[in-house]
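Next, two complexes with subunit A in common: one pairs it with subunit B, the other with subunit C.
Let's look at the complex of A and B:
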């Protein structure tokens, strides 16, 4: 597998902090994969995203993004390849209307006006916000703002999208729409998705999960392997998958197979037990 | 405090081509000392609804009664302090409102603004920082050196420090890790058990099922349903139109019902679900 991002021995300490937020971390991220980064609040997840985008500079080691080292010389080219959707939508608005806001990133790339209008419309349509294009972003609810922010990122057609808790403000249907959209973008536009999340169910969509603690990688594996950790997941600020919680409460009376079962598998097993009687 | 909305309508951008209704003829009673959840899709009017409770918004028509204080379209901004002291509001991302150079000063700001003496506010800060699970050693820190989850707790402590009778929470746990989320939700439940009224806006239907005694469903600026979570989640008319999503336990039960299980009423919590599965598997 080809690396799109290679992180090697990176350390970062915030000014006046006692210990590093990222501590000698190395990690390869593959082109076109969907990678989940999980861990407690304060484990270093968002700091890592900032380092990749060059918003802050590592003290040691190196970060290579799509063949280029993250440094002052390459920073703008690297940033044009990365779209970040942050957690708090209020911090990411600049335009007076929704369409201006989505256009902002394109203006920075010097795209002609008529093409821009088309791109903006297409991006708003993808997040189902086309009816709001003349509204003031500040008049939208949190979830609507987030969809506009995602449209702004999509319009610039990045090859890497970093989602920093960006679905945590959406209602369940809004979240589903956004995740399906991201899935589609990954498949059709060959994008690499890095999703920082606390939502264990969201990680099921990804190919790999990386667990951070105190700025270090403590585990990286497929979702199934990670879910097999069961109750230990709470040590890393994660919830057990819902099917594991149900299975755990059933095990005192029902004989279920060991290891992680997804919801379908668990239902199948419960059904088998009940139909024997 | 009992809170009564009477035919309350709220328009935004009035007299412009973009005029729309934030709330449309809402009549609703939120009971004293209960835990009420307010749910609805993004943009349905939930946040608008609660902003009327401490008069951050005024009705375009209709009234709202908060305890013995009535707010009408004519109410002016004078003398709203007692109301706002009694109705504490934790906004989405409350940490964005932190501004003092120490955590202690930040927590003290609210109560002092409502007229509490410095000594009492200090006492309150010490009590609240413990209550939100951070410990006194945090009081001397700068709020900006804290992690997002810790800042959230400080902001919540700041609202609690004024000792409001009614606490409104607008998605207070968004972005917290699951362990932190549960701690904060347990804290709110605890506050209710000590005699406060809790009003929670949330998208998390598991939190509704696990913590709320009553729920209000807002849809297209109107009150669509009010009642106990168990009854509301079993109201099929709300589920078919995509107005409401189910807690995970109820969704799981629905899938089992496609096999040979049957649920006269869908369970809404994980203990209800697993108890019912065991009962049906054992065949009694």
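Let's look at the complex of A and C:
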């Protein structure tokens, strides 16, 4: 698999912080992959996203995005390839209406107006928000705001989307919509998705999970392998998935197969067990 | 907050709404300028008729304009009374100490009153029919010539539009903070003036802190979306100057001519 982002031995310490937020971290991210970065609060997830986008500068090591090293000279070209959706949608709107906000990234690239109108419409259609074009972002619900933020990122056609805890402020339904949208975009537009979260249940759709602790990579594996760790996940400050908690509590009463079961598989197994009686 | 009409936009659709905001902006200021040309009953009557006509074709209820007068009421009353009782006159109708009441004074007081009404009505008409963002767009385009003297027009325009976008956000934030402080026992609007001022500290400090953190988040979000410094950006919102905007300018020109004529008549 081809690397789209290679991070080598990167360290970053916030001013006035005692220990580095990112500590000698190395990580390869493949093209068209959906990578989840998990870790508890303060493990360096968001700092990593900012480093990749060149919003902050690393002290050591190098970051290469799509063949270009992140440095002063390449920074704008790299930023045009990466779209970041941040945690709080309220704090990332620039425009006074939905369409203005979606156009902001395009305006920065100096795209002529006729083209912008088409791009904005297309991006809003992708997130199914075309009916809200002239609305004030403030009047939308949380899920709609986040969809508009995604449209703003999509309009500039990035090859990488970073979602920095983008779904943490949404209700379960809003979260599901946004995640399905991202899944669909990845398949259709051949994008690379990096999603940052502290909720392990959100990583189900991803292909690979990286666990961070104290600015270091402590685990990287497929979701299946990670979920198999079950109770051990708590060592990394993470909560284990609900179904594996249930399975753990039931293990004395029922004989369940080894390994991680998602909720449906667990239900299926419980069914089978009870039908034997 | 809802009682304040100044600076509020009222969604609607009429010819005034469809005028180019740049034109409306300039016309409003021009009109405020020519109000001072009026010097007799006929000229004031003419301007009043014109403003009432503009209000009529805007299809906005006259009540909104009268509400717009309310915050200025004390200033109006004060000025009118001052003119009424302190205009020196040769044949006063009534005289007591430093107070004099005369037909001259009454006339001037009436003029001042109409002048206030004219200026407030026309500027209320501008803000009621123009969205804040249209106003900031027109300020940008009107300031454009200042680029010659290296005035950062695009940055100022972005600053204005972000400031306008922050208004509802900060109002929300303020209500939230007030509710949170109320839940902890802070009583707003109770006690003496010092007490009231003190009770605003637990609102203002968190509000400042959160506006800085919102500003920081927004700056990061803008930078990640490729915002450099306002130069070399294209514009999504464009203003279009049409035939009716020329018409509105011609109307203003006619009004000036008629006014000059009535004035010297």
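Note that the second predicted complex is superposed on the first by the 275 of 277 C-alpha atoms of A that agree within 3 Å, B and C clash if a C-alpha of one lies under 4 Å from a C-alpha of the other, contacts with A are read in each partner's own complex, and residues count from 1 in each chain.
The criterion applied here is as follows: a contact is a pair of C-beta atoms (placed from the backbone, for glycine too) under 8 Å apart; a residue touches a chain by one contact, two chains touch by 3 or more.
Predicted model only: the values in this text are computed from it and were never measured.
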Clash or fit: subunit B and subunit C on subunit A?
clash
For A:221 in the superposed arrangement: first (subunit B), second (subunit C), both or neither?
neither
Which partner chains sit in contact with A:181 here, subunit B, subunit C, both or neither? Use first/second/both/neither.
neither
Determine, under the contact definition given at the top, whether A:205 touches first (subunit B), second (subunit C), both, or neither.
neither
A:88 contacts which: subunit B (first), subunit C (second), both, neither?
both
Thinking of the overlay built on chain A, is A:64 touched by subunit B (first), by subunit C (second), by both, or by neither?
neither
Which superposed partner A:122 touches (first subunit B, second subunit C, both, neither)
neither
Looking at A:144, would you say it contacts subunit B, subunit C, both, or neither? Reply first, second, both or neither.
first
Name the contact category of A:256: first (subunit B only), second (subunit C only), both, or neither.
neither
Common ground on subunit A, meaning residues reached by subunit C in one complex and by subunit B in the other:
88, 90-91
State the interface residues of subunit A toward subunit C in the complex, per the touch definition above.
50, 53, 55, 76, 79-80, 82-84, 86, 88, 90-97, 99-100, 103-113, 116-117, 120, 136, 138, 152-153, 156
Interface with subunit A, subunit B side, in the complex: residues 12-13, 18, 40-43, 47, 92-93, 96, 145, 147-150, 171, 174-181, 203, 205, 242, 245, 248-249, 252, 255-256, 259-261, 270-271, 273-274, 277-278, 280-283
Partner subunit B, residues of subunit A touching it in the complex
16-17, 39-42, 46, 87-88, 90-91, 134-135, 139-144, 165, 168-174, 198, 200, 234, 237-239, 242, 245-246, 249-250, 253-254, 263, 267, 270-271, 273-275, 277
Contact set on subunit C toward subunit A in their complex:
131-133, 161-162, 164-165, 168-169, 172, 214, 217-218, 220-228, 232-238
